[in-house]
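Next come two complexes, and both contain subunit A; in the first it sits with subunit B, in the second with subunit C.
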Partner chain A sequence: MLALIQRELQDHLVYIVLAGLIVAVMIAVAILTACWGMAPAGLGIGGAATALLLALFCLLGAAQMYADRANRISALLATLAVTRTRILAARVLTAVVLISAIFVPLLVTVVAILYSIGTPLTLYRGTIAEVSVTLVLTCLAGHCIGLLAGWTANRTIPALSVLFGMLLLMSFVIVKGFGLAAIGLLLLFIVASLLHVWHRFTSVSF
Partner chain B sequence: MAGTPIVIDNLVKYYDGRCVLDGVSLQVPRGCIYGLLGRNGSGKTTMIRILLGLEPPTRGRTLVLGEDSMRLSANTHGRVGYVAEGHNLIQSYRVGRLISLCKGLSLHWNDEFFGRLIETFRLPMDRRVRELSAGMRAQLNLALAMAIDPELLILDDPTLGLDTVARRQFLELAIDVIQRQGRTILFSSHILGDVERIADRVGILVAGKIVADCSLEELKDRVKKLRVIFPDRAPQELYITEIIHQQTQGREMALTVANWNAQKQAILKTFKPESCTEVPMTLEDIFIECTRPASSPVLQESEV
Partner chain C sequence: MTARRRAILNVSATGFLVLFATLLVLFWARWGCETTRRGLLPRRTWSLDLDVSSLIMPRTAQEPNGVRGILHARMDMDQIDSEMLGAFQYLATRAEGAPDWPIVVRGGNGRDGMRYYYDRSLRTLVHESSEAVHQPNGTYATKATVAYAGPEGVADKPDRKIGRFSDPLVHFVGGNLDRPVVYDRGLRRFFAVDWHNKTVEQGPELPAKMAAPVDFDWPRKQPGNLSLYLETSEPHYVHGEAPDRTLVLDEAGDVRMLNLETLEYGGLVRKLDRDGKEYSNVARFAGRLPAPDTLFPPVGHVTPDDLSAYNVLPIFFGKGDTYAGCAVAVVSRDATAMKLEVFDANGTSVVMQPSVFKDPFTMAAGVGRHVPPSTVSALYFEAPGAAVLTATKYMLECLHPPVLLWLSYFTTSDTEAIAGHQSLFMLADSFAAMKARQVDLPAISRFTTSLVFLIPGVFLGVLLAIAIDRDARRMGVSRRSRRLWAAAMVLFGLPAFVTYKLTRPTTARVTCANCGRDRWVDWEKCHHCGSLWLVPELIPPAWRVIGRPEEQTDNEPSPRPEETISGKSEV
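The block that comes next holds the complex of A and B.
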């Protein structure tokens, strides 16, 4: 499994670098906002960066599946000592690893800033957790949309599907807000999408 | 069935309403080099892909090392080496990276053997797979399949694109693999000389049906080509079963028949032929006779 995850990370290095850059911008904006009180601008940039992150994970999922189909990667992998389920699991785990790798430093920065300006953390613990989990699940849901849309020989279909899915997802988060209801629905969407992708991936011809 | 590396039972495959495999049943015993023959589009590659779980069957069942092909475990996959037709390698990878990926995803990796193969084939590690010639890609694919020390080696037209020297090297390697106890090879090829040289059992697939499945010696022994000359015009119908091909020209009849025996000989004698001579047949001759559009199923295990 580690070899499969390593392959996914190496093949999609550009997405990792971009995600790193976006998070660096988000961290910088958070620090600047805290130090110089640029709350409205900071929120705008932060929001745009979050939307970019979501788009990035949608594209990552689509790229993983599209590249596989175009280059017949699974046709080779499936003849080695792996199963189709493991190949797909490695793709999902790659996204999970990447999401964790970018959200942990972001969360640590936010908590450190709140702590340094004397905010009572116990009071905001629930809010921080809900916002963090919603953001993580939104990115994961975006990745699932990419996985769903990417398994095609056509370039236009995944691009349009990713765009449509991403807009739908962002609207959903904006309408529902960060909270338990959104978390529940996102979880349901992720599970349903993964089951659908798994069923298709394990029964398709390579 | 236990201990039989490959079992195919009534396999049917349709593509867009077109029947590609029509009730294929065969077994490949352990330690056997099985040569699968057939013309282009006869269903060889589809059968191999179904065996490896790369393609779902429409109907029927295939077992590889005792496991259903569509549910092969990672452990079983790791015991099967595969060289695909056209060489399914990740084209954008450098040779070195592809090797380390395959090594990382294998159960066993025979470094010494693989090193020997790479040295023999002189494969450049720093070149991208797409930059390699077709022959080099074939060699790389073969080396990767061999390095895992496979219990079962499936080769789909492996010598396609190889020059004579490389083909000879491949055949020697295949023999090397088979000599390790219990190893089994299933290979399809258009080069009948290769099959004749290394296979000890052959199957001939014609339009999705197995028309012959027996040992090479039996095939040569059972299929006979006869040149029969009659005193007057040759009869239209001989009433002999399992005629693969029959061609009449005036008094002369060329007859290819399966399972030639005393009974069939007696039937032919009733037509009082002037002479009946046997024409020696190579595997290529048998293959051509069996794959003619009008030929009928001739040699199955049960009949032989």
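The block that comes next holds the complex of A and C.
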């Protein structure tokens, strides 16, 4: 499994670098916002960066499945001692690892900023947890949409599906906010998406 | 895992994804419809102004140069739709200074300042401050002090002796930072914390039958979208502040006066008997939330949960010792109507103004009705384009899964107004749900009239079920599965239809050797005639009926007479 994850990370290094850049920008904006007190501008840039991250994870999922379909990677790997379920699990775990690697530094930065400006952390603990979990699950749901959309030989369908799915997820967060209801629905969405992808991915005949 | 279980998992997962996407698309379509609808009326419609000069200074109100007072209530129609969406609402309710947020007050910068806040883990109020202490060597050092306040007292450490709050609502009434007033929803009491003397005063426990307070000091919901202020020439007007009294809004929608010295209700007496005549000291209300116009009036008793926004403004004069009354502005659940009502010092309604649509063309021509229609009526039917938007909203609701629409009908009274705006599954502002809130009708009659809004969705589901059944029969879906799909169509409507189309069997079929119709290649038996793949070969009979040889014609070929088999069997 580790070898599979490592290979996935190597194959999609571009996405990792881009995600790192976006998070670096988000951290810089958070620090500058705290220093200069430009909360509205900071929130705007933070929101745009989050949308970019979501798009990136959608594209990552689509790229993973499209490359597999085009190059018949899983067909080759399935001849070895690897099942399709494990290949899919490796792809999902790759996304989980990447999302964790992105959000942990961001979270640490936000907590450090709040502490430094004298905000009682006990007040914002619940809010930070709810917003973080919602954003992490949104990115993971975006990756699942990418996995759903990418399993096709056509290039147009994944692009349109990723765009539609991304809009759907962003609008969902806007409608439901960051509370427990949103977290519960996102979890259900992720489970349903993964089941659907698993069914399609393990039912192929070639 | 068996193929059957895989199929069930696939259908369930696809069904949820389709339901999710469909509900989101329908939500934005309805949202666009509502936003466009509110834009049909001119901006000034959402601004109510009331002359309350008589309330402020009754003796001089009639004089030309007397003291004037105009109340202004404004709804921000450009923002109210977006502000009620979950993400914006979440951020707005968790910002410092939000009505129901554990308060933080800062003085100074960074960690050296003074802070008041509610510690959720300790469940105590915390007061952190730093002061400069003179040192023997002539310098000053900063000394940080922390005090904790619970229901039982104030201490320097979060001791158990001071007790724990369970769900407090904290306000600094009149801007008095040294004496925060707390209402604890769990303990049902008011508290006043005196940081200076390190004491906590407890009010009496509210009776269990009495409605619990929702907010106090300056009760507001969505303050950014509904502003209410008094413009007056009275020089001693104090904006909603008094040192010894404050207004409390309870969950029944009543506004009461709280005495800050004794921490119990009082200070106002409204004397009413059964006929509404004043006679004795029975009730102590300063006012109540007025019921705004709705599509299916009346809604009866209005509670804070039934309104998208409200603003209760107390009016004090002098140094806060003269209470003149209070003004209450509200916005209806679907944000199609406003109402402004003013109560005097005795809690009696003085004047009230609902939002109405003043058509500029009709007004300019000086024709038409004398009484302008309410904004609800205008937004649903009378304004140009309103009827089209109403029809669109109706059709969008018909596309909603019928089971959720029916559930919305039965659960609408328990749904908070803003939560209803954010709901994907339950439609708290659907026509059916609005009808369910028409409490003046008997339940049976309310339900039967609501069927106009509930039945079309079911009818659509039945039509889809018939269409799907025909297709499923052709595809060889078993009877049990067909019944399940039909039930899903009736319950979920459009999402179930899309799910079927996405997950329907698409296996290639071949012609059955027995019945000649299309049959599945992966089924052992033909789903039409039940024959196996290996159809027994038809063996020709060994006998023949020999009669008179048929007459040969030139046009039809026939075996030659010498080749005709006759007599014995060849087998």
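In the analysis below, the second predicted complex is superposed on the first by the 206 of 206 C-alpha atoms of A that agree within 3 Å, B and C clash if a C-alpha of one lies under 4 Å from a C-alpha of the other, contacts with A are read in each partner's own complex, and residues count from 1 in each chain.
The working rule: contacts are C-beta pairs under 8 Å (C-beta built on N, C-alpha and C of every residue); 3 or more make two chains touch, one makes a residue touch a chain.
Every value quoted in this text rests on a predicted model; they were computed, and no experiment measured them.
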item	value
Partner chain(s) touched by A:28 [first = subunit B, second = subunit C, both, neither]	neither
Subunit B versus subunit C as contact partner of A:17, first or second or both or neither	neither
Contacts of A:71 with subunit B and subunit C, given as first, second, both or neither	first
If touched residues of subunit A are counted for subunit B and for subunit C, the larger one	C
Contacts of A:82 with subunit B and subunit C, given as first, second, both or neither	first
Partner chain in contact with A:127 - subunit B first, subunit C second, else both or neither	second
Overlap of the subunit B and subunit C footprints on subunit A, listed as residue numbers	203
Residue ranges of subunit A touching subunit C (in the complex, touch as defined)	43, 116-120, 122-127, 168, 171-179, 182, 185, 188-189, 191-193, 195-196, 199, 203
Subunit A contact footprint on subunit C (complex, rising order)	6, 9-10, 12-14, 16-17, 20-21, 24, 27-28, 85-91, 94, 102, 104, 106, 109-113, 115, 117-122, 126, 422, 424
Subunit B to subunit A touching residues, read off their complex	49, 52-56, 72-75, 77-78, 80, 82, 84, 88-92, 101-102, 104-107, 148
Touch list for subunit A against partner subunit B, complex	2-4, 6-7, 71-73, 75-83, 86, 203, 205-206
